[in-house]
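Mind looking over this structure? Questions follow.
Naming follows writing order (A, B and C), and every chain is counted from residue 1.
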Amino acid sequence: MRKYIEIFKSQLQLDAAYNGWFWANAVASVIGLLIAFSFWHAVYRHTTQIANMNLPKMISYVVIAMILGNYVSGVGNRLSESIRSGEVAIELMKPYDLLLKLIWLDLGSKVSASVRNSLPLLVIGYAFLGVQAPVSLAGGALFAVSAILGVLIGTQFDLIIGVLAFWTVNVWGLRVLRTGILSIFTGALIPVTLFPAWLLRISEVLPFQSMVYTPVAIYTGAIPFQAVGMTLLIQTIWLIGLYVLVRLIWSVALRKVVIFGG
Amino acid sequence: MTVWRYARLYLEFVKQVLKVWLEYRVDFFIGALSTIVIQFASLLFVTVVFEHIQQLNGWSFYQILFIYGIAATGRSIHLIFFDNLWTLGWQYIRTGNFDRLLIRPINPLFHLIADRIQQDGVGQLAIGLVVLIVAATHDGTVWTPASLLLLILLILSSGVIFSAVNLFFATLSFWMVDSLPVMFATFSLSDFARYPLTIYNKGIRVLLTWIIPYGFTAFYPAASILEPAKFGLMALITPLVAAICSVLAYLFWNVGLRAYTSTGN
Amino acid sequence: MIRVEHLSKEYKIARRKPGLRGAAQNLFHRTYDTKAAVSDVSFSIDQGEMVGYIGANGAGKSTTIKMLCGILTPTAGEVRVAGIVPYKQRQRNARNIGAVFGQRTQLFWDIPARESFNLLKHIYQIPQHRFDENLRTFSDVLELEPLFGRPVRQMSLGEKMRCELAAAFLQDPLVVYLDEPTIGLDVSVKARIRKFIREMNRNRKTTVILTTHDMQDIEEICSRLIMIDAGRLLYDGDLRSVRQRFGNRRTIHFDLATTATDTAMPAQLAPWVFAEWEGREKVHIQFDARQTSASDVIAAMMQSYAVRDLTITDPSIESIVKDIYERGLS
């Protein structure tokens, strides 16, 4: 059923008559918030600290991470659809760089999503769930920078999955696989610091925690101020690395298009 | 007899679907695998949290897993067999294909449901069963043939409740052409049912017990087995809720169908 | 076989007010416009008749067919198909009918045609020997054999339509409704399909109701015409009188190379033709082939105008309906 919803949404995104989905998504998001809120309250009933986080801090983490987690998906879907339908051949003849176009489209829709989806969640979080403000003004600013880096990393990763449509037929399976991996390793569900040691080690060498965990940890102050510079650097390196990787795969894929004639 | 005839007809539909699955083995495999990955992610979440705590509101790790397992298997029944309800609006009514079902000499709802059997649900069924077995052998419950039978009945009821609620909201498509967003929003309520209802505030508990009874898809049936002293009655009520939901949803479906045949599309 | 008495169908269309405020108002207070899709239509069709049910788009054809199938409930009037009121006993009626609805498939999208037929066998409870026999007969005329292994989604339009027809006749229906069965097909497939329909009717006395925009379909299949316009019955009678009137009707479409300064017809044509200008560079000229010939019309036009291109067509259903509507059939 998730498949249909995805297909349907990707179709609907094309036209503006999107109202029903806006409300449906809003309801689903609020429900997600309420579940997380109740769950963590129950968790903290018999303990005050988990991995150095108290309840208010954990709630702040979970809510902000949930909001940021909505940004990790992107235009990869559109790319893979146009590859599958062969439309990509027409796109390639147009006088712009398709990848850059997609990245900008992606950012555009994310900006509008932040007003439509994130803002209401943030308001609910602050007003009713006890989400704390960032540790300091500077912390808030650094969070913003880190969050933007994280969103950009997410976009690149999504494009990688999208380009793979050149090689696989079952794009849908790949996307679900992606969703599974992201929900574990980005830290959108749970701070990676709660992971058992072996899992934490895996997470640390992967780019995913840069998408959500890093910015939100800066927000909650879990990453100390002196260390923020280093984490931002790591995020930047991942961003550049993934961008280069996308370009690389893309150029290989293009050769394939040229050979098979689309 | 009609029931017998429909059962045989359903088997014929299933045969066809299996042939299609065999033809697209890789798709089937990827579909099942990917749902397993999704399930695995949320299981990992619970496991990681329980690294840091002993109990959640009085429920142990394996008890939580047990609830989760019932939710997953019940939902998989719905996903495998009743998945086509999701497509009523945009695949049947919007395109006019629903008329095809109406000129057949069989019940259109049966036809709609039999038209598709969804492979992705198989992965969820598999992981749900594994979780159930692991949980049931660790949570301290003493299992008897009778209680196992009860468990099966409760899981079937869970699947029926999922499907009946969905049928109810899918039926709205007869008036609004496509009720998929409404179905989606309602279905997301079922995520509440993965944890003990006792962790939620009263409003949510009332909603999930009396209005959209997702509480009976996992928590209440699980609790009736885990805590028979306190929740034993729920073992009786759950199948009853399933029956009532089905009847109400089917009556509503018939109202929708009548509206459809009087307004057309 | 089919009796339709004073059949009417009105649709209620909610009048939507624009904007957010309008949407909110619509929630509480809706105003409806009623649109009569079919008004007071009566006819009866005997077993074994082949009837062309024609009219312009939106005339109420498919609304009528839907009511005959039981998909729609009439606002007023009565329908009986083989003694059954379709919308009251939809499933019983479904046993007696077969249908091809233009572009929509009656088959199962993903599974091979043979399996699709097989499922239909179970759905309609067709006895095995009838099923085998029918499939064999149909395969001969429609050449289905090579299609058996393929699912509908991989078929061309013509291949699909051949399978659709087989599916519609598979359960030995008493009545078959065919909605645009030849639309978009090439000439040889059209011929094959028409032949199939005629044979079914001859051998099995199947009643056929055909809606189409293709005059050729009607000429080759139907013996009777029912014409509907704006929901009202316009003509019900044999094809012969319509053919006498319109069989010699021709239309020539001229594309002019230059903009015409004068839209009056050349004097030698004027008494015989009816001209319809589309802007000043296109003109459609209608005439009766018994009164003047195509070559005369073309010659006269070439003299008066710089003609760039021309095509000759038979009259369209729309023009016939319009003509009968305006002038009657005398």
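One rule holds for everything that comes next: a residue touches a chain if its C-beta (ideal position, glycine included) is under 8 Å from a C-beta of that chain, and two chains touch if they have at least 3 such contacts.
Since the model is a prediction, treat every value here as computed from it, not as a measurement.
A linear topology is adopted by the chain contact network, the touching chains following one after another without closure.
Comparing chain C-alpha centroids with the centroid of the full set of protein C-alpha atoms picks out B as the closest. By number of C-beta pairs in contact, the leading pair of chains is A-B. One inter-chain figure worth recording: subunit B and subunit C are separated by 44 Å, centre to centre, where each centre is the mean of the chain's CA atoms.
Chain centres here are Cα means. That of subunit A falls 29 Å from that of subunit B. Inter-chain centre distance (subunit A to subunit C, centres taken as mean C-alpha positions): 53 Å.
If you check the complex, the residues on subunit B that touch subunit A are 26-27, 30-31, 33-35, 37-38, 40-42, 44-45, 48-49, 51-57, 79, 83, 86-87, 90, 118, 120, 178, 180-182, 184-185, 187-189, 191-192, 195-196, 199-201, 204.
Listing the residues of subunit C that touch subunit B in their complex gives 11-12, 63, 66, 69-73, 87, 90-92, 94-95, 97, 99, 101, 104-106, 108, 110-111, 115, 118-119, 122-125. Of all the residues in subunit B, the ones that touch subunit C in their complex are 5, 8-9, 12-13, 16, 19-20, 95-97, 99-100, 102-107, 111, 115, 258, 261-264. Those residues of subunit A that touch subunit B in the complex are listed here as 1-5, 8, 20-21, 23-24, 27-28, 31-32, 34-35, 38-39, 41-43, 45-47, 50-51, 169-170, 172-177, 179-181, 183-184, 189-190, 194-196, 199.
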